[in-house]
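The letters A, B, C and D name the chains in turn, as written, and every chain counts its residues from 1.
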Amino acid sequence: MASIILLSVLGIANLFLGFLRSNRMLLPAAMVILLIVFGANVYDWNAPAQSYFNKMLTIDRFSVAFTGIVVLTTLLLLPFSQKYVRDNEANLAEYYSLLLFSLVGAIMMVSYDNMLMLFVGIEILSISMYVVAGSDKRNVRSNEAALKYFLMGSFATGILLFGIALVYGATGAFQLSEIGTAVTNPANDSLRPMLYIGILLMLIGIGFKVSAAPFHYWTPDVYEGTPTFFAAFMSTVVKTAGFAAFLKLLVQAFPAAQDFWIPTIVAMCALTLLIGNVGAVAQQSVKRMLAYSSISHAGYLLIGLVAFNGQLSGLSANGIFFYSLAYSIATVAAFGVLKLVHDQRQREDYDGLNGLARTNPLLAFVMTIAMLSLAGIPLTGGFFGKFFLFGAAVDKGYIGLVVFAVVMSMVGIYYYLRPIIAMYMKPADDDVATPIAVGSFQSAVLFVLALLTVALGVLPGLVSGIL
Amino acid sequence: MEQTIPEVIRTVPLQYYVFFATALFAIGVTGVLTRRNAIIIFMCIELMLNAVNVLLTAFSAYRADPNGQVFVFFIMAVAAAEVSVGLGIIVMIYRNFQNTDVNLLSRLKW
Amino acid sequence: MQELVLPNYGAPYSTLLYVLIPLLPFLGFLINGLLNKRLSATVAGLIGSATVLGSFLISIYLFTTFERQYTVQLFDWITVGSMRIPFQYQIDQLSLIMLLLVTGVGFLIHVYSIGYMAHDENVGKFFSFLNLFIFSMLVLVLGANFVILFIGWEGVGLCSYLLIGFWNKNHDYNNAAKKAFIMNRIGDLGFLLGIFLIYLTFDSIQYAEVFQKAALSQFGPYTVSILTAITLLLFVGAMGKSAQLPLYTWLPDAMAGPTPVSALIHAATMVTAGIYMVLRANVLFTLAPATLEVVGIIGLATALFAATIGLAQNDIKKVLAYSTVSQLGYMFLALGVMGYTSSLFHVLTHAFFKALMFLGAGSVIHAMSNEQDIRRMGGLRKALPITFLTFFIGCLAISGIPPFSGFFSKDEILAHTYEHSKLMWAVGLFTAFLTAFYMFRLLFLTFFGEFRGTEEQKHHLHESPASMTLPLIILAILAAVGGFMGAPMFLGGKHYLADFLAPIFTYSRQINPGAFTGEIDHSTELMLIGASVAAGVLGIIFAYVQYISRGVRPVSDEAQRSAPESLVYHKYYIDELYNALFVRPIMGLSRGLYRFVEQGIIDPIVNGLGRLTLGGGYLLRYVQTGTIGVYLILMVVGIVLILALNFGKF
Amino acid sequence: MLTALLLFFPLAAALLLHFVKGKAGRVFAFGAALLEFLVAVYAAITFNASNTGQLEVNLPWIASAGISFHIGMDGLSLLLVLLTTFLVPLILLASFRHDYKNESAFYALVLFMQTGLIGVFTSMDAFLFYFFWEVALIPIYFLAGIWGGERRVAVTFKFFLYTIIGSLFMLAGFVYLYYQTGPAANGLAAHTSDLQAFYNLSLTAAEQSWLFWLIFIAFAVKMPIFPFHTWQPDTYTEAPAPATMLLSGIMLKMGIYGCLRWLLPITPLGVSQWGWLIMILAVIGIIYGAIIAIRQRDMKRLIAYSSLSHVGLMAAGVFSLTQMGLQGAVVQMLAHGVNVVGMFFIADIIQRRTNTRLIPELGGLTQTTPLLSVSFLVVLLATVALPLTSGFVGEFLLLAGVFQYNNWLGAVAGITIILGAVYLLRMFQRVMLGPATAFTAAFRDLNGAELAVLVPLIVMIFWIGLFPNTFLQMSEPSVIRILSLMQR
């Protein structure tokens, strides 16, 4: 709870800092705020589960863990906004505050107990994202991204709400636990079709937010158009919070109906894997490839939902947690490097990375680690992420799906190798031969990102079973 | 005979509300699908949200549970926020393109 | 099955002595090899010869003090489960004879080489290879099991390869060397498979154990068919090494090597390894009569076939090479008819006279400045008296003229053959006639008549130095009198060799006593002797008439020949046949597999999977049109689909 | 702890190498590798061949999942560790002759790879094994991809994808096995991935039948066995010489080792069901590789195909399920490692001096290079399995094993000794013998550094050839154990 309050209050404080017109202070301030929040969050770890706001929010280990991921991700992402600081971006304070506020939304999504909080959390997060997607106001691509995201996101919100309404109609409750009991109540059998349609619509609504196929269409376009820094935020924080919310919903509200919704999730999962991976293969832009890859990772995370065990702990929850963590860190690293490259070389295609290993060994190294992690190669966190998720699904007997996922991850290796090839094995063109200036702080953060990824890959036991 | 609002609502059978809301929602969706002007699409989305509001209110009234109506308030509030952001975006688009036809915006693809 | 008792007598001398036999030549190899160009030619030659002489002396010592056979354990080489392959020597009558032959003749040829190779730039290398050969050959004959035999077997093959291609700037020589190695390897594969089958059958590869088991259970668990398979496989090995049909074509080509090499390896020692191996395994062969029949027929066929080719060759060394093939055929014929001792007898006498003739040929070539074509020789007996005389003795010996050594051994073989089959005897006799003819053709064309070479060559003609003539003389003496180690009974002689070797054939004698005791009466024996002498003399007379009286000279390569003549002259086109049957198809296959299977099937399948994915990716792009309207429609389609698909469950 | 030291020391050295600049890096790397070799030798000396599984380290790794950091060595592992630690210093030394850009990264990757390889050979936990299996792949990918020839990008790309795809199947198999196991030894987790637990599983024939393929494909691609080999000739050809040596000398053995350690004992019924097919594929590979090698124009490619042929024989020996076949495979792994590294090194020397690897452009080298000729000849003879050299012992036992499995297959496999002579002598003749060409006219003989690489290799060639029992005895208990596990 402390994190929500701190973020809200300090977010406003940060906004006020903007009045000082001193961009230099903003970044450290934002990072300090996040550090404090992270600390407060960690402090909550050992506290007993606690409900707030008339049982609308529950801070338990599950929420603390996922809050940890989103806060940490943001913390590690922030340094890559240094260019905004340097360029004296006029609205920097607003952007930072938007990120902080959206984190509040994310935290609400991972700790809600009531549909209302879910809705509010999603909207806080989404609306902030609509704004930042279009933050590069004079860039038509950014404009387009914002509009696409906004229109489609609102549309999906409508679907989600309709679903919530139907579920409410069928069960008479917004409280997850009450819905859970009501679903099992035979008295409600006559309303079952309404409930089921409601569940499906909710799945679709949240599925859109986590860019699961066939509701993923926005993802590549929006990620591509959104400034890289914010795209990184979208593909990590939004996705992590989305999956935590998804899991929470299914575990606490609809465990009794699992026979009904699991086939749908399985189908979505397979389709998402297929589209994400196969789509990424044909891309020429690294950023767009990462967008498709984020779709494919949604697919892998859906496997965690397929391996549903009715608890917020155990293989499924732990798998999703570990995967989200590893994925977020690797994605931040990838986008971070990409942003630095883009800032200097103005390119986001594969060839823009050519010869990076020669000019900036650190960037190339971090990018490589990130790619290997996303591809799920051992020694990186991504491997164990996939490992735990696939293991959970195998444990539940979804061998066919896992085999398909494995095949798809083979496809994944294909496109994740391309940046590595560009960086290490291709000579730099003339226009990209100059080294990219990377501040020592950014270098340190990059190193930390790589280190964390490797640490997760070598000692997954540190966080693998904590839920 | 003075009736409370819930009682007034309950004079119509629940199914009607559901059908009505669904129809409204469907109209909204159809609008979203068929129109090309960003503002109108957005308005259609608002229509969808309102359909939800109707539905929630009806359920709330029938179940004598205020939560549903509270939810409606939240939806309205959030919708307001969405409108402000949405209009901002559309204005931005209009400034750059002198147009709000959504299908003109297809630079980002594949 | 009877209890298996293996005699295990300790060696009478320190192991070092036995180690030294092959080790001395090996040291020579190392010294000459490592100090290659730093040693003068003579020093290198002396080191090479001295080491072999050392081995020869030890061998003599062992021979003279020999009482009964024993084994010498050096170390355990390979041990896997029941497959135990110790590095062990077996000292018995057979290995001693072979030791003497290899080191004795080897030493003479080393000495000869000092003179012959004096002007070569790589004398050190030459002697080191020669020493290595002696080493391998000694391992071959000393080994106490089939695998040690195989070590030497492959080792001599290697040395043969190295020495044939000694002048490696010339690709023809290199090709000859390669051909020798590869054809030998074909035989080796058979040998190796034979060893495996022996192991699987007898659970051992030690001579003593295998032979005893085989002999004791004559009608026991080892069926004749398995033994036939084993012996046939072993014989395939022997065919390769001893240049029998159809694996003989490498031997004539092997004449590309320096002449002492031809004398040592391709006449006296290595090519007789096949005979040695069959003699070693005589128990197994005796137990498999069908194989013996095959051995005999192939031997006879080879003898005749090679002899006919020998008739038309014009290269002095090629004639000798085909004669070697032919004589090896004789030896196999002897094995096939179970004349085991006779076969070894012929190995020995052949080693003497054939080494002699090769060295003599070397002397001629030396004198003629590397000219090998007998059409450009003639009348050399005046310029090279010692060479001529010794060569003449060799010719008499190989033609089977008494009392020269060849007469005794060849006569014995023919006698055994006669007992076995009259037809085979007749063919053998005819071959003897051919042999005498082409050998004397060679002699007459080379040493008699007019000199047909260039003036320069004529001017250059000279007798070879002492280091070369001395071995010739010694070998000539051996070729002349060597036969008396096995003189026929009726001449009052004592068959020393047969008596000495008898223990080697103990088991065989038990299994098939008839083949050993079958005495033939004196009149038949006399008739046989008469026939073989007559064949030899007739051959000489024919040659004399043709090449001395009528003065016929071989025609040039391009001259018109009648069809049979042409066939013989072109060696029955066997090389061409092999080329068409094996070499070219394999070469074609190599290219074909690479082009069509490797690059045409396997690669495309793998790459195709990749392209398929890529294609899928490009296909997906058509869905991602970038238009919000389309996306929204697709989303709604998705929603409707999901609802519709779940409809049944509502 | 010795095993852990062996495992992590190269890694530590690789990390430290980052701080060593310039030419000192190569010396540092070489020193580290040499030290590592000495440690391995010490381990071998103190090793007690009568036992299985020694020098174990068993720590919880992912305790919640029953996955432990369990390493240890039996004779089989030790031999391969020895091979690795023996070859890596030589490979480093061999690469000194090249001035690679960004040298220390190059050497660090080699050392990093060493850790991966040793990990593969010592892991006693399925997931740890898989982990190292992939870890070994990453550095070689970079080595080949960065410092390789012209077509390196496409070729290494294919190599990486192909091998990793193969190994994912293995992972899938392991995951399945993992869920079949009972509670972990420490009771913390429901399942365990310990090797012994996998051995103890009782799987049905049907399960083993498909598990066999899942696991085998990874090994088949890595070896590679026909027809999974298409990555191999290209990769061997395009990779820089040291990477090719690592690939062919050590990495190839991972597949054989995997079969011995993980495939045979875990899915004996699968092996008995499919073994015949693998035997046939292996034998096809033997002949196929040898025949294709005959007409190759590129030395490295020729050696690559010869390697395919040789590895086919090793696989055939393994699947013959005879003690001779298995022991033969073990010895041949060592022998082939030594031989093929020698071959590639010599090919590299020739290429570096003449700027060509094309056989038709070479010739006549013996005239000026006694040392090179002798070295080449020795390595070549070892490769054609001449007795008393390293190649013979393995090939003899392997062929004997295959022959014991099936006489006809043994006979067909045996053709390799003929074809091997054909293609190798053909190459030797065209490269070394005959008249010199424009490329080879000014050829210098070996220098000291090159001799320093070749002499140890040649010593090993004769050691293995003369005293194979040194190695056979080490691996015998392991091999017997594997065979007895197959009988259960």
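Note that in this section a residue touches a chain if its C-beta (ideal position, glycine included) is under 8 Å from a C-beta of that chain, and two chains touch if they have at least 3 such contacts.
Please read these numbers as outputs of a predicted model, since none were measured by experiment.
K.L.:
Across the interfaces C-D and B-C, which one involves more C-beta pairs in contact?
P.N.:
C-D
K.L.:
Just curious, how far off is subunit D from subunit C if you go by their C-alpha centres, in Å?
P.N.:
So the centroids are 37 Å from each other.
K.L.:
In angstrom, rounded to a whole number, how far apart do the mean CA points of subunit B and subunit C lie?
P.N.:
Here the centre of subunit C sits 99 Å away from the centre of subunit B.
K.L.:
Measuring from the mean C-alpha position of subunit A to the mean C-alpha position of subunit C, what distance in angstrom results?
P.N.:
For subunit A versus subunit C, the centre distance works out to 77 Å.
K.L.:
Suppose each chain is reduced to the average of its Cα coordinates; what separation in Å results between subunit B and subunit D?
P.N.:
Computed from C-alpha means, the inter-chain centre distance equals 66 Å.
K.L.:
Name the residues of subunit B that each touch 2 or more other chains.
P.N.:
Residue numbers touching two or more other chains: 29, 32, 41, 102, 105-110.
K.L.:
At least two other chains touched by the same residue of subunit A: list those residues.
P.N.:
147-148, 151, 155, 159, 220-221, 282-283, 414
K.L.:
By residue number and range, which residues of subunit D touch two or more other chains?
P.N.:
161
K.L.:
What are all the touching pairs of chains?
P.N.:
Those chain pairs which touch are A-B, A-C, A-D, B-C, C-D.
K.L.:
If you look only at subunit C, which of its residues touch subunit D in the complex?
P.N.:
For subunit C paired with subunit D, touching residues are 33, 36-37, 75-81, 83, 147, 150-151, 154-155, 158, 161, 165, 168-171, 174-175, 178, 181-182, 185-186, 188-189, 192-193, 196-197, 199-200, 586-587, 589-591, 593-594, 597-598, 602-603, 606-607, 610.
K.L.:
Which residues of subunit A touch subunit D in their complex?
P.N.:
318, 357-358, 361, 372, 377-379, 383-384, 387-388, 390-391, 394-395, 399, 402-403, 406, 409-410, 413-414, 417, 420-421, 424-426, 459-461, 464-465
K.L.:
In the complex, go through subunit B and note every residue touching subunit C.
P.N.:
Contacts found on subunit B: 29, 32-33, 36, 41, 102-103, 105-110.
K.L.:
For the complex, give me every residue of subunit A touching subunit B.
P.N.:
115-116, 119-120, 123, 127, 130-131, 134, 137-138, 140-141, 143-148, 150-151, 154-155, 157-159, 161-162, 164-166, 168-169, 172-174, 194, 220-222, 224-225, 282-283, 288
K.L.:
Can you list the subunit C residues touching subunit B in their complex?
P.N.:
621, 624-629, 632-633, 636
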